[in-house]
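Below, each structure is written out as structure tokens.
The two complexes that follow have chain A in common; it is paired with chain B in the first and with chain C in the second.
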Partner chain A sequence: MLELNNIESGYGDVQVLFGVSLNVQPGEILCLLGRNGAGKTTLLKSIMGLLPLKSGAIHFNGTALHTLPAHNIAKQGIAYVPQGRRLFSELTVAQNIEVGLMVQGRSNQTRERVLDLFPRLRERLKQRAETLSGGEQQMLAMARALSTEPRVLLLDEPTEGLQPSMVALIDEVTLKMRSEGVAIVLVEHHLDTVLNIADRVAFIENGRNPETVSAYDLSRTPEKVMQYLGVN
Partner chain B sequence: MKDQLLTGVFHLLIIALMAGLYFILPEYHSGVLARVMVLAVYAMGYNILFGYTGLLSLGHALFFATGMYGLGLAMQHLDVTPSIGILCGLGAAVVVSAVIGFLALRTTGVAFMIVTLMFAQAGYLIILWLGEYTRGDEGFVIQQSQRVLNGVDLSQPDNRYFAALILFAISLLLIGWVVRSGFGKTLVAIRENEERARMLGYNVHRHKWLAVIISGVLAGAAGAAYALLFGYVGATFATVQYSIFPLLYVLLGGAGTTIGPLIGTVFMYYLIDLSSQITSAYLLIAGVALILLTLFAPQGLAGELRKRVFRWLP
Partner chain C sequence: MEFGPHFFLASLEGAVNAAVLALMAVGLSIVFGIMRVVNVAHGEFFMLGAVIAWWISTLAGGHPAVGFLFALIAAPLIVGAIAAAADHFVLRRINYDPERTIVATIGLLYVLQQTTLMTFGPEARPVEAPFNKRLALPWFEKTADGFSMYWPWGLSTTSYKLAVIAAAVIILIGLWLFMTRSRIGLIMRATQLDREMALAHGIPVDKVYALVFGLGAGIAALAAVLIVPIQQAHYLMGHDPLLLSFIVVIIGGLGSIPGTIVAAIFIGMSDGIISVFFSPTVAKIIATLLVAFVLIFRPQGLFGKRSA
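And then the complex of A and B:
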């Protein structure tokens, strides 16, 4: 499905990723786990074409993504929900979703499906995005991404700063997407969430991927968390 | 759907109001309004780029002048009819805005402002340089006998008013349709967050380029109409002052609103007109009014109205 081969990337002269190789399959949640500044967000931005690769390759079902312009990468069916939501703040909830639907020409059916996932948004359709609460903004960011009906979903700390009930809702939607066969790459700091919903966990340390383990294995070897995150 | 209907009715009412004003206002003011409507079309074009796409150009006088000289030079030297002249003006505006857009959109932010300003200055200097044809600073007059479009003498005040109104009406309805279309919403999305729009899969560069062309063609249409209706083509219209005007009109009237450019143009035109009757330091009065408006209506007149009263205002 999505395959990263030995990629090296960064910001101008500052290299952040050093030969990272990963893959994620349909119906799988791959969690990226690592300290702040390890290169997790850089990895997602590199997949989306926001940062050019210095070397290596990214393939999605045989298509070389690293050779495509950024907007064409998204059109392959890859959606990215960045940290900090980044909504179209002056547009209403309905318009934010519509902008997501239009790009791939999705129908009202998709819109209804997305709104069913986040019923709260249905009550807020005419409200401007900037007036939503933090949790609602995160829902809208996810809803907008899902309205493109992606095959790969990249989520960068989707539950950051949210109350427990909201975290549970976001997790629930993420699991639902997995059950529908979407491949998900999730950057997440809540270890409980990682152990609950991830299938595999890729550790990112200083721009490298020293190890990828199954969530089950990780739950049995907590010393790895200490090793890579510095916490118990 | 309800908003769409409301928008359509609202635009038709504005057009009807402008038509009605001709029969109510004294001749001086209807003359002013004819000029204002043409300049408002120029501002509407500017608004597509600035208000809806978020690109601040300081070189729109180039597009206005392109339409004006495209029509003027063709009528003056090739002796074409006004309708062919209009096509020449519009054609020239399409080509120039497509080329300038292609080049200038390689930059963003302040650099985009500087690059568009430089292109407009180059355009102004070219007009002076080709003085043999353009008559440089002095400009040239399009004779009254030439300003007859399909049997209608456009030098007559009533014909001129309604010709300006037709251009204004077409532009307003066109823009009302564009901004409510998927394309228009995408432009707003790009204005709000360009990177996000790209991440959703939109070809942001192409959208911005098309916005420059639509904006440039409307500015060119206004320039061509100005030459035809008022009979004068001059290099003054290519100066930086004429690039600043639409920015002021749009800021005052309300960027990102369909009616803002008209309100801003009327306001600015009369502000200068009335203050110059009081004192020779009329720009001082205009300046104070602008500061007050910026302080108390930062979103422009129509923008504030939309924020406070008419949420549906397009």
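And then the complex of A and C:
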């Protein structure tokens, strides 16, 4: 499915990733776990083509993503929910979703399906994105990404700073996407969430991926979390 | 002439000024808003529009309206294409870096200006208006038995000047509908709000930028075609409109289209009125002073947002 092979990437002259290899399969949640500044966001941006690779390769079902221009990555079926939501703040809820729908030329049916996942957004279609509450903004960021009907979903701290009921809703939608066969890469700091919903956990440390373990194994060897995150 | 009718006449001249300036400045504002490029060559695109209008109208011959109509369609398209090419071959190569694009567009300014001088020559050339009926205007005076209407000597305008004002209003409304209602407008606004997220949602930002730069230049050219029957085409005619557009865009708020239009009306009108009663130089001095005050007391402009 999605396969990263020895990728090196960073911002200009500052290299952040040093030979990371990962893969994620359909219907699987791969969680990236690591300290701040370890390179998790850089990894997601590199997949989206927003940062050029210095070396290595990213393949998705045989297509070499790293050779495509950035605006063609989404068209391959890869959707990105960035950290901090990054909505088109002055556009309305409906327009934000419309931008997502345009990626694949999706119809009303997709729109309805996405709005059914987040009924709250349906009530706010004409409202500008910047006027929504934090939780609603996160819903919209998810909705915008899901409007592309992705086969791979990249989620960068989707529950950061949200109240528990919102966290539950976002997790629920994430699990629903998994059950529909979407491959999910999730950056998450809440260890409980990680252990609850992830299938595998890839540790990221100083731009490298020293180890990838199953969530089940991780729950039995908590000292690994101590080792890579410095917390219990 | 008495003050009342004189002021009315000056306001009409100011309104023509304001109409053209609003178009010019909106072009500059769109380019800055979406691409974050300060386009110093904007005035030259205006000049090119006027020169091409002259060229087309001399080629066309026949009734002046024929050539003018051709120019109205062709000049913005040609200038837009030149600008899109400049985006592709110059601005994209320097990654739209804010400082370097300023230097690059200064270079572009001289290239366009000197090329025009070499081919078109230094003369100012007139373009005949498609229609130009003189319209005498009435004024009111208070007499012993109430208000009465009379026709002061010298108080007149032309049908063409009124048409310029109307055309500018129609173009601005059309542009507003394009930006807010059309799919391309949505794509342009999404790119403006977050370039990286636009890319991540399949928007070909490179193409959007070429389109926006071409659109901005095309609007300037359109403004020039409208004004050239009043002003004449000349290779240095881009300077004043460029200065005034910058003043307008700074006062209105960088990237804010409503702010740009309000400021254009204000500056255009006051420039016209002060030019008539005092001198054009005084008008420019006051406008520049106003910019200084805006920069000191409200740096984001009247309608601009403070950047976070």
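Operating definition for what follows: the second predicted complex is superposed on the first by the 232 of 232 C-alpha atoms of A that agree within 3 Å, B and C clash if a C-alpha of one lies under 4 Å from a C-alpha of the other, contacts with A are read in each partner's own complex, and residues count from 1 in each chain.
Rule of thumb we're sticking to: contacts are C-beta pairs under 8 Å (C-beta built on N, C-alpha and C of every residue); 3 or more make two chains touch, one makes a residue touch a chain.
Only a predicted model underlies this, so the values are computations on that prediction, with no experimental measurement involved.
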Handout entry: Clash or fit (per the criteria above) of chain B with chain C on chain A
Key = clash
Practice task
Return first, second, both or neither, reflecting whether A:95 touches chain B, chain C, both chains, or no partner chain.
Solution key: both
Exercise for the section: For A:75, select first, second, both or neither according to whether it touches chain B, chain C, the two together, or no partner. Expected result: both
Exercise for the section: Check whether A:63 is in contact with chain B, with chain C, with both or with neither, and answer first, second, both or neither. Expected result: neither
Handout entry: Contacts of A:221 with chain B and chain C, given as first, second, both or neither
Key = neither
Practice task
Check the residue A:107 against both partner chains and state whether it touches chain B (first), chain C (second), both, or neither.
Solution key: neither
Exercise for the section: Quick one: classify A:50 as touching chain B (first), chain C (second), both or neither. Expected result: both
Handout entry: Residues of chain A at both interfaces, chain B in one complex, chain C in the other
Key = 48, 50, 69-72, 74-75, 80, 82, 86-91, 95, 98-100, 102-104, 144, 148
Problem - Contacting residues of chain A [partner chain C, same complex] - result: 48-50, 69-75, 80, 82, 86-91, 95, 98-100, 102-104, 144, 148
Handout entry: Complex contacts: residues of chain A adjacent to chain B
Key = 48, 50, 69-72, 74-75, 79-80, 82, 86-91, 95, 98-100, 102-104, 144-145, 148
Handout entry: Touch list for chain B against partner chain A, complex
Key = 182, 185-186, 188-189, 192-193, 195-204
Problem - For the chain C and chain A complex, residues of the former touching the latter - result: 183, 186-187, 189-190, 193-194, 196-205
